[in-house]
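Chain IDs A, B, C and D follow the sequence of writing; residue 1 opens each chain.
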């Protein structure tokens, strides 16, 4: 998918963008300056680093490897990249990062991705199919279950594909809203859970009444039908459906200028 | 009390010593080179530092302030003296020193003192009299209860006085052998408890059958009657009663040469 | 997010009558300046929490700030007793003092639980001692795997924790080193927190063994040079051992103490 | 007390068939050289424990060393899947592989409990997830003070833990820095332990953020220059990202893997 093709600027690279670029930019915009953000690797890390370079210079990035308030010059390739330690205010042990920093609920935003997400925002990164005889064995939990449980709110960044946006996940690795609006409280989870799922097509948010994810924004140039075609449940559309603002040149230049550690080697 | 007054050397200061010096030297001798020793402040600290300077250069001294393997040039005045941090292999947090280093039972010797000790080696550093209306309010537990519980063995260093060596302590701050030989196991305490109480008069050790402290050694020049007069229970005397070797000149010169931090200021 | 303010402002903003207040620092970096400011501002009814209530709590208790003391070792290290604490316990002067007594391991784990957002911590401790019969925040818990029974202690979450550190940067990130005690846990366990510092610097050059408290877990940072005296600040000044010895005479006598208190309040 | 020995000697002395073995290092300082020596010595029936079983465990599993894997995230970081692990799980090649799966927080706390001499640890975790129905080392425990129910995980006490560090002194004290992960806990939880190091030096000059493992908690120290490659050793060499990408092709195919294995065994 590409952006607008305004005839005036059709040849300008800043008038076109990929769906992944739109997704990263939309996700970056959702972070506010000064927030403390516990960052998963991959799409969330890209978006968080983008926010740091755009409107949120005081965003506090925390990775599960124990790097507190890190400002990597390049994107880390893994959660424990040396570049995270080099630029951190402090590096603490892995038990400490989970017990003292994540668990008490002092982190504003948990920034996650996943292989599957369901209509209540539950995330699966463990197996597709049955646990004991899976169709696909995925990496597993990592830090995600407790990030999803403990952060004040959770933002999910995932590519919108029919196999990923399912009625019910095959395995609940990380709890979103369980099976409905009261489930997090019943489970003793203190954070608010997923407040926003940002995809390459638009934005889903839990309905305040049902906790089911509904479409609240379409990215520039995307239709509701496109989103429904990639969603495995009867997707409801918000009465206040928004259109995501197109990426501005600064956003596009910044996202395109970010390099991943070691990417020059291949 | 003084040492021998051999006419030849009566004027030689190394032929005389105080009871406190004898106690520190006897206590120092009881530590073996290479042991890891969790050190209480005061008499135990003096004795452990003396051992380090005499026969145990590889003694691993650990203080509850988090200083691991410290070699202070002068005696610390308190458990958290800066001199302990300066000379330590590593300084860890107070929770870590208790949880990772003391609690699992990896420390060979806990070296303690106290205000009261009873015939089963239980130690009181909390109150003399009733807890709610004490005759004397003492400092309290500090690290002693868990040192007494968790070290592979415990050595106690205390001045031998009737008010301190009592039939039963007023308050069990730190468990010795409870009320008899099986009590530590019943309580789930994994260390062996007090194996030796070194005083300024002699040495008491628990009887293997009853766990009651019995007199196993007299310091040079001390009589059984003197010890009994300062002991608040019917003190039994070991059939193999030993006489502590008199301090040698090196020991005396070393104990006399040790300075306490800040002692020059007063 | 930490604001850099004056010490009087910080105490006025953060410490209220009736609060549970922890001033931590294990022999090293004891926040004396902040404690004295609490006395000057006349706080009352405080629950004072500290593993080693030494001179600073003897002073707060003598000044009538405290209703309760939560602690594990109360003495004047290397010197003797805390006479103001003893007097308050024995005679209720100048105010009755309730106590809640633990071991060091118990107190340290209570802070760990508090910092970790857990209601309790598990440890091997207290078994066979007389403390559990006097202290309601000690209990037991059974291991769900082995059936073994272990000690449990209730989490400590002070209303406000105060620590002293060597330095902060202009953003309010705080760095301390040497014996770092239980300060990180005490700050992270607290609802509000204040760090006093020797100085504010442009950059927190990394130091071996240093603990860093990010600005966003602190409410206020106040500059208080020699703010840990008569205790010490590693790399800045030594412990004033004479002052510790002199406290013994001052604190033994209510009159001498009252004179000391007037001097402090007039300062 | 740590003896300084050769790596083959250390593995021969400390790692036995059927042992529970933890090789730790969170992306950084992964003990590849030690893992390869375990493969060369043909250990069998190991329970392999590691929060992030990446290439090193894919290699051990492919070589047939493992009977069981205890882990919390099994992937090739930044690249994709662990194909030897997947193959063993799906087809039992070259040996059936049992798994015991946790979250990172759960695994970290299992090591903490092990290092602390406790049979279990308490955390806020797992509630509402599907892991507890598949993993018997997850349970719950009730707070004796508040009645709240929390997750409990069983302590991990490996028979042997292996870590890689930047350096040791001649007495066998070991120092590591950068991202220090869970190595201290993994060593302190273990019955036996081995540290491989880049070099042995006369003095361990203090380094900001460094963890020191005293010689008396280690059984052996072995010099293994570049012993963490293709992962990295902070201050010594960078991660070989190309090697991680190349592993994807090698590990996808049993034949390619077998050729790789023969090369290793002949080295």
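Just so it is clear, contacts are C-beta pairs under 8 Å (C-beta built on N, C-alpha and C of every residue); 3 or more make two chains touch, one makes a residue touch a chain.
Remember, it's a predicted structure, so these values are computed and weren't measured experimentally.
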{"item": "Touching both chain B and chain C (chains)", "value": "D"}
{"item": "Comparison of A-C and A-D (more C-beta pairs in contact)", "value": "A-D"}
{"item": "Chain A and chain D: spacing of chain centres that average the CA atoms, whole Å", "value": "29"}
{"item": "Chain B and chain D: spacing of chain centres that average the CA atoms, whole Å", "value": "41"}
{"item": "Chain A, residues touching no fewer than two other chains", "value": "90, 99, 103, 150"}
{"item": "Of all residues in chain C, the ones touching two or more other chains", "value": "112, 117-118, 123-124, 148, 150, 184-185, 209"}
{"item": "Chain pairs in mutual contact under the definition given at the outset", "value": "A-C, A-D, B-C, B-D, C-D"}
{"item": "Parts of chain C lying in touch with chain D, wherever the complex brings them together", "value": "117-124, 137, 139-146, 148, 150, 152, 154, 206-210"}
{"item": "Contacting residues of chain C [partner chain B, same complex]", "value": "26-28, 51-52, 71-75, 77-78, 81, 85-86, 89-90, 101-106, 108-109, 111-112, 123-131, 134, 148-150, 178-182, 184-185, 209, 211, 232, 234, 238-239, 241-242, 245"}
{"item": "Residue ranges of chain B touching chain D (in the complex, touch as defined)", "value": "34, 36, 60, 68-69, 89-90, 99-100, 103-106, 150, 190"}
{"item": "Chain B contact footprint on chain D (complex, rising order)", "value": "1, 112, 115-118, 173, 184-185, 188, 204, 212, 214, 216-217"}
{"item": "Contacting residues of chain B [partner chain C, same complex]", "value": "41, 64-67, 77-82, 84-85, 90-91, 93-95, 98-99, 102-103, 126, 131, 134, 137, 139-146, 149-150, 171-175, 178, 183-184, 187-190, 261-262, 265-266"}
